[in-house]
Structure formats: structure tokens, C-alpha cells
Amino acid sequence: MKNIPWQDKPENCTDVLWRHSENPIIDRYAIPTSNSIFNSAVVPFEDGFAGVFRCDNKAVQMNIFAGFSKDGINWDINHEPIEMQAGNTQMIDSDYKYDPRVTFIEDRYWITWCNGYHGPTIGIAYTFDFKEFFQCENAFLPFNRNGVLFPTKINGKYAMLSRPSDNGHTPFGDIYISYSPDMKYWGEHRCVMKVAPFEQSAWQCTKIGAGPVPILTDEGWLLFYHGVIATCNGFRYSVGAAILDKNEPDKVKYRSQPYLLAPAELYEMTGDVPNVVFPCAALHSHEEDKLALYYGAADTCTGVAYGKISEVVDFVKNNSL
Amino acid sequence: MKNIPWQDKPENCTDVLWRHSENPIIDRYAIPTSNSIFNSAVVPFEDGFAGVFRCDNKAVQMNIFAGFSKDGINWDINHEPIEMQAGNTQMIDSDYKYDPRVTFIEDRYWITWCNGYHGPTIGIAYTFDFKEFFQCENAFLPFNRNGVLFPTKINGKYAMLSRPSDNGHTPFGDIYISYSPDMKYWGEHRCVMKVAPFEQSAWQCTKIGAGPVPILTDEGWLLFYHGVIATCNGFRYSVGAAILDKNEPDKVKYRSQPYLLAPAELYEMTGDVPNVVFPCAALHSHEEDKLALYYGAADTCTGVAYGKISEVVDFVKNNSL
Amino acid sequence: MKNIPWQDKPENCTDVLWRHSENPIIDRYAIPTSNSIFNSAVVPFEDGFAGVFRCDNKAVQMNIFAGFSKDGINWDINHEPIEMQAGNTQMIDSDYKYDPRVTFIEDRYWITWCNGYHGPTIGIAYTFDFKEFFQCENAFLPFNRNGVLFPTKINGKYAMLSRPSDNGHTPFGDIYISYSPDMKYWGEHRCVMKVAPFEQSAWQCTKIGAGPVPILTDEGWLLFYHGVIATCNGFRYSVGAAILDKNEPDKVKYRSQPYLLAPAELYEMTGDVPNVVFPCAALHSHEEDKLALYYGAADTCTGVAYGKISEVVDFVKNNSL
Amino acid sequence: MKNIPWQDKPENCTDVLWRHSENPIIDRYAIPTSNSIFNSAVVPFEDGFAGVFRCDNKAVQMNIFAGFSKDGINWDINHEPIEMQAGNTQMIDSDYKYDPRVTFIEDRYWITWCNGYHGPTIGIAYTFDFKEFFQCENAFLPFNRNGVLFPTKINGKYAMLSRPSDNGHTPFGDIYISYSPDMKYWGEHRCVMKVAPFEQSAWQCTKIGAGPVPILTDEGWLLFYHGVIATCNGFRYSVGAAILDKNEPDKVKYRSQPYLLAPAELYEMTGDVPNVVFPCAALHSHEEDKLALYYGAADTCTGVAYGKISEVVDFVKNNSL
Amino acid sequence: MKNIPWQDKPENCTDVLWRHSENPIIDRYAIPTSNSIFNSAVVPFEDGFAGVFRCDNKAVQMNIFAGFSKDGINWDINHEPIEMQAGNTQMIDSDYKYDPRVTFIEDRYWITWCNGYHGPTIGIAYTFDFKEFFQCENAFLPFNRNGVLFPTKINGKYAMLSRPSDNGHTPFGDIYISYSPDMKYWGEHRCVMKVAPFEQSAWQCTKIGAGPVPILTDEGWLLFYHGVIATCNGFRYSVGAAILDKNEPDKVKYRSQPYLLAPAELYEMTGDVPNVVFPCAALHSHEEDKLALYYGAADTCTGVAYGKISEVVDFVKNNSL
Amino acid sequence: MKNIPWQDKPENCTDVLWRHSENPIIDRYAIPTSNSIFNSAVVPFEDGFAGVFRCDNKAVQMNIFAGFSKDGINWDINHEPIEMQAGNTQMIDSDYKYDPRVTFIEDRYWITWCNGYHGPTIGIAYTFDFKEFFQCENAFLPFNRNGVLFPTKINGKYAMLSRPSDNGHTPFGDIYISYSPDMKYWGEHRCVMKVAPFEQSAWQCTKIGAGPVPILTDEGWLLFYHGVIATCNGFRYSVGAAILDKNEPDKVKYRSQPYLLAPAELYEMTGDVPNVVFPCAALHSHEEDKLALYYGAADTCTGVAYGKISEVVDFVKNNSL
């Protein structure tokens, strides 16, 4: 990829991820109807970038919107939500849509999101052009969240991470993987990662969930994920990373004991849900050893953080649980 | 009314309500003993304005205080709480008083508030001069909050909105109306509005409660109300509006699907209870088509927002649930 | 009253209340549709007795049914629930009806019950003949249960005990009194009795509620009530009694520290809700110094217990909290 | 089927299901290690019957055991739990197994059960002889319970009912259907039935779950299911029935508003979990118009109830929600 | 000890503990004021037995009473609770007393119990004659329950087991040991046993607590204890046993995976708290290889079970977690 | 003490405590591994100050670190946590350490903290030089927090305040005192202060806990403590003060009804746990009538507030509950 958004690491910064200096890059009121624009996904598209954005409107209805950008920082987001057509099913009911992820596999862009069908489950759709979208069967029974596809088939099958949940503000959550021959029927469910013991890594002791589409590195799949601790004043969401085995991605090779990013800026500590950083996408360039991590801040606006792929991988290996 | 506080709508602002530029107008420490001054009520009085203010002291005891202002923005609040005399009852016990509303009916000003009598219920008092106050029988059995009188009798009876509650941080709440021939005995209880379905209007899906005294318009009673959503990090209070039928005010003609005001400024997002905007009073001038909405911010300080009555009514009609 | 049901106290029995030897007198399946028949009310009527019975059907819908008996023990309960006509209101909506009480005042029989109107509140109706029933305005806003009328006006007004509640299996509850000039508008709400401290009387430390219509004695109003303790395996309901001042019935003169009846028989300890005895009616004869207490057992069937009025009064005076 | 267990309906019984006179047919201590034997499944096998039984041992570990009977009433249950071999997967981990169902499809007996894999999910196995058992991939991600296969393929695919759950004593639960081309990958998830409104059918207002393997009738699939109400003293499990469309079994044609069987006998009202009747299997004979419903009682022992298929179907049609 | 209560094991009984045939030996109403008599402790005394009994009165106040018996089965319990004199402290406040244990050390009988001092903690007293009782300092800060002394000093110090708790129906609980040089100051707190994993021994997966005073055997200290599982209908209490190292009793040598006694008789399954067997004392005779275990049943009455010491020890060794 | 950190009271400030103008004095990232540095303790040491600091690292593991300062404002905190050696015990296990307090008694500095041993309890250690630390027996059984030693023996014994807790975000908590002859065995537990009634002093109505080591004044021991109110958006921690009797410190002579310091600055209202001020140490100079209170802000960083000892004492006396 060329044109990946980037800022060099600030002097004296010793962290492996650092924030874009003009964060938040997308304001909560960036489109006329929006109450908040956050947990959103972007990919390279044509000579720039496209994305699928979670915009909650001022009735606080959750929906996903397409958007486009030349530089990955300044975005034009459609004012109307994505309208789905029938893909591999006629059953495209949806009470709400949120927290999208996007990845290109073979010939098209696949979108997954948290889809309201008698509670949250994982919705799937594809597009070729970010204009027409074709919705497929929900991957799983409710209740589920944070469904994230791998960007390639694995052993000939589509592979998806997800986090089984319940019907409320789920106070538990581990990451599982499931496989499908056809994006319609799913099975071979395996547990990938569970929450960490409080004594060892408290920021991820309450629940964890996959973040951006995994990035293939020499060490395996680099998976950014969010971890949650339940403080006496609510949930606090931070960002960590793990390395999964390339061919058997239910095997965790390394997993960061420290977080890589946690709420510390005012736009992360205040907003509709204070103390949340929630990553949903990562642009990356292996050639330049760069990555740009897009994350929702305080369930209100959208930020970007930068890092070197190699540094992140080394950090995870050297600080593994 | 003349002299209604006012600032014109900022350029580029597309909202129907906009904030006073010097908010908060009343600081948490505005009187010597106060920890916070918020959910409070104001009315035109003599050549200026009078009000009843919720001031929690530094022991965090909740009480109501009288105050006066020439311009509705700069307030002199008494340093001692209102002392009640016996009105239509000798039983004027009160463990605490909070969240007052004030309205003029016929010949006097009526104050309602959340009154501590074995738990929260609706206290009633009247005054002619904001110096002497006469407390009446509590309107209802505990547990109740957000008792709001209509500014005229309806079909010959006093009418009061309220929100039945429980004895804690009530996680539910709908708006009811009750009638009284004499401000002492209450009956004919009817349900007016219930919380909205999460999928349709999530900001008001957990509980709702009447705000300022309703304003009579050509379309019916304009009722500002607060709505609450339970996020994983606590309750978030926003402001909406509804139009009730003029003669049968338990009939809701329109009700805003989007909120009109929600916590977005730092003084609304941080404080003793973050993420709260809570309206308790609205000055209005039909002649000038203006209204000034007074609201508590973060249960800590007091703000004002402005709007055109006609725009608000149109917005509610055009964006009705 | 003549013909009050009666059995003499068993030898060696030292309790002030003793059970009918053939309890339960009404089986859960006594009418074809019933799942359970319990918390029910009876009064002298013509040359025998009439009653209003809570019969939950096999869909577990709660409703009230009229019934008749010659001896107060063997009952013919109608197979169809009571159908209400408009009394002092047209608004006779009801999602469910349960836990009736009945009393005669002046010229008619008044029934109160827990009425489903956006949650439980107190329904009121009257009848002259137990054939036609006329429903009136609900006394209070939801949420309320255990509304019990006094059998005479007090100081010229109707008086009703009730227990403010919430919208579920309320884990709290105290007894209040309210007054009405006209059975339509209610006010002058006073707290009568609160739960007892755990250390002093644990069987009534979680919630209490009025039982049968109070009985006027020389000492004042004899009020049987239920008290609840929350054990680690659920709520347990027992029966106590209090003496209220004749003219100021919000004043408690005496109140039993020990219970008078608690779940100990198999039909009280097992059933739809184990460990419940719940009194709703008491026939009494001052001439014969007898009372017959009707109570629901395990929310499943109906039992009777007997006692001497004088002994009960003495017991309460001598064992008062 | 011949030799279906049977007792004629008792005189005066007006219910559509009636209990075996010698219930419980299997005692909690029927095998040396057992603490309880309940929610269990039986099928015709050779010249008698075979079954898979939930036996919790005295460490209260949950496992499933094979058993055999000539008459369906007297059972020889193996003293050792079923040992699984690899079926369509090597991943046959299981922390616990409970609540089995069994059905014959095409050439073999399929067993489903609640399987402990990082929490409860649906385990699948097959056997030809009830001696060797071959475990397959879990159908779904955790958390799920009450997985019940249809006895034939539907539109060429296996079909399974299940109830998505959480990781504890789930206080919610609806019935869904999913399809699989191969008993390995599952999709096309549809909601079949949700809990009933409290006002309409309270016994099934908290959660519902499929019971025995559905029985094909002229009206469609006869599905017995359990429904739960949360009383103030715990959950109470009853039995109802529904008729699902033959070809589109996510369409509910009829559904019983009243329950068909509810806890009323002492062995159902007392035991390890009081007030539970939980059906897991139904032998049936269309020729004789008979069915024998096997159910767990109080999570402790096993009972049988009898009924006429035609009467049950008529009852459901005539008493439908 | 001579005269230990005893009945031979019933034929066909394969359990290591079996119930007294005339259980319960003490009825809930055995003294005039009692609502229930259960969790109680007995010891050899003079030519028979003495005991300290938990009798809750009909106000459900919890207190302890002395009692005496010739045969250990038929008991005379005082009608007045034990009155304490000052022992090693003047501070003998007590809101309530329950669940006593008794043991003889050196020259006197020591009683421990759950003592109400701003919540439950461990009370200590001694007596020489079961007539005069001398109360000492509470062993620990609240909140604590199930304090059980060893019958000899260990390494020169008094040793006490206890279960740290919270201020309600504690849903957690492990067994600790503490030491004291003087029965006044306590320290050297060590964890002895924690709850078992649900998958391995679910009957003891929620909380555990020491039962009778430990019995010294060749294998070490034989400790009966209660274990609790939280079912969807409440807590269920069973009895297990462990062998602790003789000199280092915080070391668990063996611990029973299966329970030894669990609620199965009607008087254990129904009562004020259904499904409880709770052991507080064990008479034993090494000469005769007998033990008689006293236990509370359903928090209502008192039962006895018998066993061979050697069989119990063997069972624990052979069925150890 | 000389060199106590100090800033004069700002003009117009009417509070008895005022904040350091450059707060927070210690940033959350002050050492390379830290996520937050807060609830920490300082004492005069050599010619400056030493301290023990709670630094949670970026894995959110809680530990205590030594640090040194010339002026009490600028601190050098070690980059490695304190490593303990065996003191009066070999058992120095610790899952985590947090919220230290430090005081000098006789010949050495004693540190107490919340120590993870099967849950939180009170750890004790001593040092002579802040280089070598010797860990002693935990004072109490779990669960306990906020253990604070008096700076002198009282009646010949060590005395410690603590707050019995449970194993989570304890929603209750009162202050107790215990005594020890030897820093190993503890007893004579007395209740000192309980939470205040909501109506009288709501900021301290949910839980309270001792803060810095008490300061001896002419009036008795000046104890700063934290108080907590549970708002609908989480716990809010404020600072109050009490005066305990010099010789019988379980006797409270005065106790502040208003708080002395409450969250009002942005660094107190936002952070990992918003709305927390939590005092753990107070430098003081009787000669200069000064004190410097160190407190954790928002569980994130460290602040200082100043006050006059005499003014604080007077305030507490004049505003006592």
C-alpha cells in the first residue's frame, strides 16, 4: 500500500503506538444526523481509501455508512446509511448495525458487523465498489459481537473470529474462531484466547474481543484486540496485540501483557462512554514497516494511532503473557 | 414576557437548541455552602426573575433555595434554604428536597419538588412572593420523582405529571398524569408516555421524566423531558420534547425521536454525575418566539440553551416517533 | 356474625392461631381452569358467605372470581372471572387482577386488589350482590400492592392501607395509609409501619404488607399483616399482627415481635412459591370472641386458621416490638 | 412402534397429559454413583427401548449414560458414562455433558446434549448400537443449551432447534432453528419462538427451550417445550406444546397458552431444584394415538406422563396464544 | 467415650454415612419459644452429653441455648438462652448468636459461634459446667462465619478454622486457619481449602465452611465440612470431609470429591431454608470406630447420621479431589 | 519537621484545604512502566522525604515502589518495585500490593498496604532505610483494605485502623480498630466509625476508610478519611476528617459533616476511575501549623492539598455530625 497515513514518532516517546497529533480525525458531528462516529473500518480502495463507519444518529440508532478519503485522515462520509440488497439469503432483517470491519478476500470486500437480529449477532455482507452491498446469512446465532474475518482463506475455508456475548452489556467475553466453506454455514468452533488473570494483566481481565482484520507477518497473524477491566466506575477499554499461528490461528504464540494503547487523552476519557479506546481497522504497509490503527474514542469520535509493524511484533514477543 | 434571556443562533448551527456562550451560568460553588447547583427552576417575577434552586451543600444534603435575577443569567441565590410554613397540612416533614419546578397558577406560584418522606415523593408548596412558602400535602405515595404541574387548570382540575420510581437509582421510569380538585387529593392517574424501544430511539430507552412546566402552543402542550440510556459506563441523560393534546394531555400528539440536547460540552460530560443534561425550567416569549431552557449539567452546575418555540414545535412534528 | 367457621384449639397447642384440621380448604385445582387458588377474601353475605378469589389459570394469568359458601369452608367458586362495569370511571383497563380484599362500607361491598395498569397498582370496585361489579379509578399511581380499606370511614373519609412497591419481586416494602373524600382522589399519605430491624424481628425485616381488612377492637384496629424475610433460598412470608389507634390509624400502638403463623405444614412449605402464608381476610365474631383467618399457602392453595380475638390482642400487647 | 408404555387416563381427569401412577420411574440413586437421574432421552431400540440418561454423580459431575429397557418403565442404566470416540472431528473435549436428546435419522441414532466446551454449547454424537458412540463437532459457539434435532432432514438439510444462553443460570431464552448440510457446519439461523408476555402466559414468560424431538403430525411438527417463570422464590419449569409448520419449521402455527404439565406432585416440588418438570423425550405411536412423555422432576428423578397425540394437538390448536 | 449414640448401617446401604431412623431427633418447636432448632453442637459431659443449641425464636432472633441429654438423642434444652459473663474482655456485645461449636481443651469447654458485632464475626466463650459462660474477645474482624477450634493446641498455640464472609448471604467462601497464643490475639492466617472447580465437584463449588471440631486420626485431622452449590433455585448445602495434616493443618492431604451426605429426606428438602444439611458436631469413639454426626436440616430441625471413622477416612482417601 | 511543602491559601479561598497550584505533582507516566501513580505515602526521611508509591504498570499490575524527594513535590521513584525479605514470617506471598501507608514507630518505618493473599488483606513490613524491606505476617484474614497504623503504641500495643471488605468493588465499608502486642497477632477489634445516614452526609453514606496515619493534636487524633457516595454513574470519593480520643481511639469525638475536599478539578474528575480523591499521607508541622495532604486523583495521578492543622481541627469541631 502506498499513501498510508503517517506521522513519525514524537521525540521522547517510548511507546510502540503513538497518537495522530490532530486527533480526533473524525468529529462526533461530522455528518448532519450523527450523534457520534466511532468504531469504524477503513481499507485501501482505488487510489485512496474507503471505509464503513458506525454513525449513531441523534435518536441514537446505530447504523453503518460508507465513506471515502484521499489521505485516510480527511473523510467524506455518506449522509445516508448503507442499504443492503439480498446476497446469499433473502433474510436481511436488521434492527441495528454497529462496529463494522472490512477486508478484501479474493475478489471483493467483505464487511462484518454486529447485526441486530433478536439481539446482537454477526452480520456479513460484500461489496465490489462500496456502492452496492449484498447482505448474507448471519454467521452465528445470537448473542455475538466483534466478528472479524481473516483476509485470506485458511486451509481452504473462510475463518472468522468472534466473541460470544449475552443480550446486555456483557460482563464476560473471550475470542473464538469458526470456519466456513461458503460464508453461509459455520462450524469447527475453537477457543482462541480467554481473558487474562487479574493478577497478571488486569486491563484485559473482564472481556476481550478481536479488533482489526489480522495482519500477516513473519511471526504469524498480528491481531490487535481490545481488553476490558471493570473498575468501580465502569468498564475501561484498552488495546493489546497478539500473534496467532499462521496456519492454526487458534494457537496463540504471543500475547501482550501490557496494553499498547489506553485511554489517556481527554477525547478518550470523556464522551458518551468514558475511558474507551476501541480499534476496528489497521492500514499497514509492510514495505514501509508502518501501520495506522483506527479506533473509536469514548464511543464518540474516531482517532488514529501509528506504529512500526516490526516494533509492535517485537514488543508483543518480548512482553508476552 | 419581556427581557427573556437570549442569544441568537450561532452561524452554521443546525440544531434547534443552542447553548449560552458563557455556560455554565451558575457555578457549583456560587454560594458559600454549595457543592453543586443544578436542576433548578426559574420564572418571571416582578420586573425580573425569581427561581428555586437545588443547592447540594458540602455534606451533600439536598435542599432548595430561592434566588433572584434581573436578567435571568446572573443570579443572587439566598445562602439559606427555603423554610416552609404549614400550607394545607401540618405534616411538612422532609428528609431532603431536590429538583424543583415552579409555575404560576391563578394567584400564586406553585413549587413542586422531589421530597424526602420515607423515600422520594412529590412535595408541593406555594408562595406569593418567594419569601414566604407554604408547604402542602405530598401529592403521592413514595416513590416518585419529577412532579411537574401544568400552568393552568385542565377541565377544572389541577394536573400534574410525575414519574413513579423506586427507592434507589431507579432503572425504569415512565411519565404519568394525575388530577386534583384541590391540590390535596389526587386521582385519575393515566399513563402519558413510556420509554422508547431501544431500536427506535435509544437515548430515551431506559427512563424518561417531565422537565419544565409545559408550554401551551397552538399544537398543544410543548413538554421538554429528559430521556436516559444505560451505557456500560452509567446513565446518560439527554433532552427531548413532546406535544401533548391541549385538553387531554395524556394523549401524545408528537414526540421527538432524536434528542434536542445531549451532553457534549466538558461541563456536561464531567462533574459529580458525568453525562447529564437535565431541564427543569423554560422561560418563553410567544411574542418573540423565543425560549430559554435552564438545565442542570453533570449534576454539578447550571446551563442555559436557547431556541425558537416554532422551530422546536416543527422539529418535534417532523421527527416524531 | 353467626355461623363463623370454627374449630376449638387443639390440646397442648400454645399458639394463638391454630390451623383448620382439613387444610387446605380450597385445592389448587378446585375449578377446571385453575392452576392455583390462594390469596382470597371472604365476607358474611346473606345467610352465608361470599368471597372474591384469586384464581391463576393454567396459563398463569391472574384474575379474581366470585364465590359463595354456606359454611365458609366449602366454597362454590364461579368458573368465569368477575367482569367489571364502569363505576366512577370509564377507564377500567386491567392487565391482571390479584390478591383481593373485600369489605362492607355503609351500603355496599368494596373490593380492592392489585390491578395491572402499566404495572401493579390498587384497583377498586364495588358490588351490592356479588353479581354485578363496578370498577372505579385506581387509587394510586403504580407501583403499589396490598391495598386494604378500613371498614368504616375515619374522620369522614375513606382510608386505605397500601404498600408502595416497584415493578418486580419488590425486595422492600412498608405500610402506608391514604385518605379519600370520594373513593376517587387520594391524599394525606402517611407512613404507618416499616420493616423491623433484623436483630429484633427478622421474619418481618425485608418487607411487610397489610392483610385482611382491619378489625375494630377496644384497643384499636387489629391489623393482621404479612412479613417477609429474605433467606439464602428465597423469600419466606409469615403472619403478624398490630394494633393501630382507632382515630389516628397511622399510629401503631402495638406490633407483634414474634410471628403468629409461619410456614410449617407441607402445603405451606411446597407449592408454586414455597414457604408462604399470606392472609387476605378474617371473619370475626366479637360476640363469640372468634376469628377465622383465611390465607394463601405457598401461592398455591387456601387455608384457614382460627383464634380468639382477645387472645390475639393480648398476645400483640404482651409481645410488642 | 409397539409396546409403548401406557396407562389409561384416570377417571375424572380432564387434563391432556396424566402422570404414570408409579412415578418417579427412575429414582435418584438408581445406579451406585448417582446423586440424581433426570433430564434423559429414550427411543425404541431393537425389541425394546434404549436411552441416554443424565446421571449426576455424588460429586455432582454431570455426564450421560446409556441404558436399556424392555418396557420403557424399568431401566438398566450402565454404571459407567458413555465414552466417546472421534466422529467427524478429533476435538472431543468435554468438561461435562447433560440434558441429552436422541433421534434416529436415516441410518443411525443421533444424540445431542449440552456440552461443556468453555461453557455450555451443543454437543453432537451418533451411534448405531448404543455401545459405540462417535462425537462430532459442536454445533455452535458457546453459550447454548437444549439442542434438539428434527428426526428427518428438512429441505435436504439437518435441522436443529436450540436456545442461545449465557454462562450462568440464564434468565432469558428463546428457541431458534439452524440448518446444516453435513452435521458439521451450521447456518441459516432463524428465530422460532420467543417467551410469552407475562400478561398472556406467565408460565413461559422468562425462558423457553425445546424438549423432546419433534413429532410429525398432520398439523405439522408437535413440539413439547419447557417454559419458565421467575417467581420470588426461584425458577419454575412447566411443559407446553407448539405446532410448527411441516416444511418451514420456523413458522409457529399454534402454541399452547396454558401449560400441559406443571410441578404439582411432591417429587416435582421438592428435590435438588424444586418446582421443575423438564421433558426431554417422547415415545409415540401414531397407530395407537399414544404418547409417553419422559421428564426430569426437580432435577432429581425421572417421571413419565401419558397423552393422546390427537388430544394434545387439538388442545394446542384450541388454546393457542 | 462410652454411650455414643448408634444405629447399625441399614442393609443394602452402600453409603459411609447413614441417617438415624427417627430423624429429626429435635423438632423445630421443641422448646416453647422456638421457630427452629438446628445447627447445634454437642459434647460428652459428665455421664452423658451436653450441648449448645441454636434456637431461633418466633421473632426469628438467633440465640444459643444450653441443653443436656443422657443418650445424645433425647435432649432437654433450656428455655432461656445462655447469658454471658465477662471472660477476657468487658466487650461482650452481641446482636445475635448462631451456629455454635463446642470443644474441650485442657481444662474447660470452649464455645465458638457466629457473633453479631456490626455484622457476623466469630465469638468465643468458655464454660466449665454449662451453667456459667464467660465470653472472650471476638477472634476476628467482621465479616466471618463458621469458626471452629481444634481440640488441642498445635505447636503451642490455639488454632481456629474460619470462613471469611461478607455482610449478607455470602456467595463465596473458603476455609482459613489462624493461630493465637492466648485466645485473645490472632494471627498467622493461612488458606486451608478453597471451593472446588465446578467441573470436578460441583456440590462444593460456591462456598465451603468447617463443620464439627476436627477429629484426630492416624491419617491426620478428619474435618467434616459443608459445601454449597448455587442452583437456579437457591443454595444447596451438602456434607463432605477432608484429612488435614496433623502438625501443619493448613495442608490438605485428602478431600472428598463426592459428598458424604446431601439433602434427600423431606425434612432436609423442605423447611425454612430448603435443601440444607449442615454439620456442627460429631461425637466419636475411636475404640468402637463410631461417629455420630449432628447436623441442621433445612435450617429448621436437627438430625443425626452415623458412620465408621475408618470407613469415612478410607472413603476420603479413595475419593480424593 | 522542617521543609514541609507549602503554598499559602489563595485569596478569596474559604476552604480549609486548598490544592497545590501545580497539581498533579506526579504524572501517571512518571516512571517508564507506569500506567498510573496515585494512592501513595510519604514521610520525612533524612534531610528530605521518602515515600512508598502505588504504581500500576501498563499490564495494570499493582505494586509499591520506593521514592525520594528533597522538597516533597519533585520525586524520584525507583523503576523497580520494592522486593521484600522475610520479617517475622516466611510467608510473604503477595498477588498484588496497593494503597500503602507509612509511619515511623520507635526505631523504624512501618509500611502497611492492601496485600493480595487469596484476596485483599492488610500487609505489614518495616524498613530502616527504604532500601531493605522486611515483610511480616498479614494482620488480618481477607477481605480487608485501608490498614493504617497509629504512629505510637497505644496503651502499650500497636493499633491499626482497617476497613473490612469483600472480594470485589465492596459497596459497604466502616472503620475498625485492632490491637497487637507484637505486630503478629491481632485482637480487641472495635468498631470506630460507620457510614453516615444519606440524609445527614451523603458523600460518606456508602463506605468510608481511613486515609493518612493519624496526627496527634491537642484534641485527639486527627484522622483524614475518604468517604464514598454511590451515584447513578459510579462511586465518588471525597475527603473528610474526624477527631478520635487520644487514649481510646475507638471513640469518635468529632466528625466532619461536610467534606473537606471533593473531586472538582479535571485531573480528579477524569482518569482511570473518574471522581476520586483518595488521601494516603499527610506531612505536618505542629510548629508551623501546616499540613500537606497527599492524595490520589482519579486513580491516575497524585496531588497535594494544604491546610492549617488548627483550622482543620476547628472546622471538624464546628461542623460535626
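In this document, chain identifiers A, B, C, D, E and F correspond to the written order of the chains, with residue numbering beginning at 1 in each.
Going forward, contacts are C-beta pairs under 8 Å (C-beta built on N, C-alpha and C of every residue); 3 or more make two chains touch, one makes a residue touch a chain.
The structure presented is a predicted model; accordingly, all values stated were derived computationally and were not measured.
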Interchain contact steps from chain D to chain F (minimum; 1 if touching): 2
Farthest chain relative to chain B (centres taken as mean CA coordinates): E
Fraction-based call for chain E against chain D, same above half, different below: different
Reference chain D; chain at largest CA-centroid distance: F
Option in D-E, A-D or A-F whose residue-number contact pairs overlap B-C by over half: A-D
CA centroid of chain E to CA centroid of chain F, Å: 39
Centroid distance [mean C-alpha coordinates] between chain E and chain B, Å: 58
Residues within chain F bordering two or more other chains: 233-234, 266, 270, 274-275
Contact pairs between chains, per stated definition: A-B, A-D, A-F, B-C, B-F, C-D, C-E, D-E, E-F
Sites on chain C touched by chain E in the complex: 14, 199-203, 229-234, 236, 257-259, 262-264, 266, 269-270, 274-275
Complex contact set, residues of chain B against chain F: 28, 32-33, 35, 56-62, 95-96, 116, 169, 233-235, 266, 270-276, 299
Chain D to chain A touching residues, read off their complex: 89, 91, 117-119, 121, 137-144, 162, 164, 166-167, 172, 174, 176, 178-182, 184-191, 194
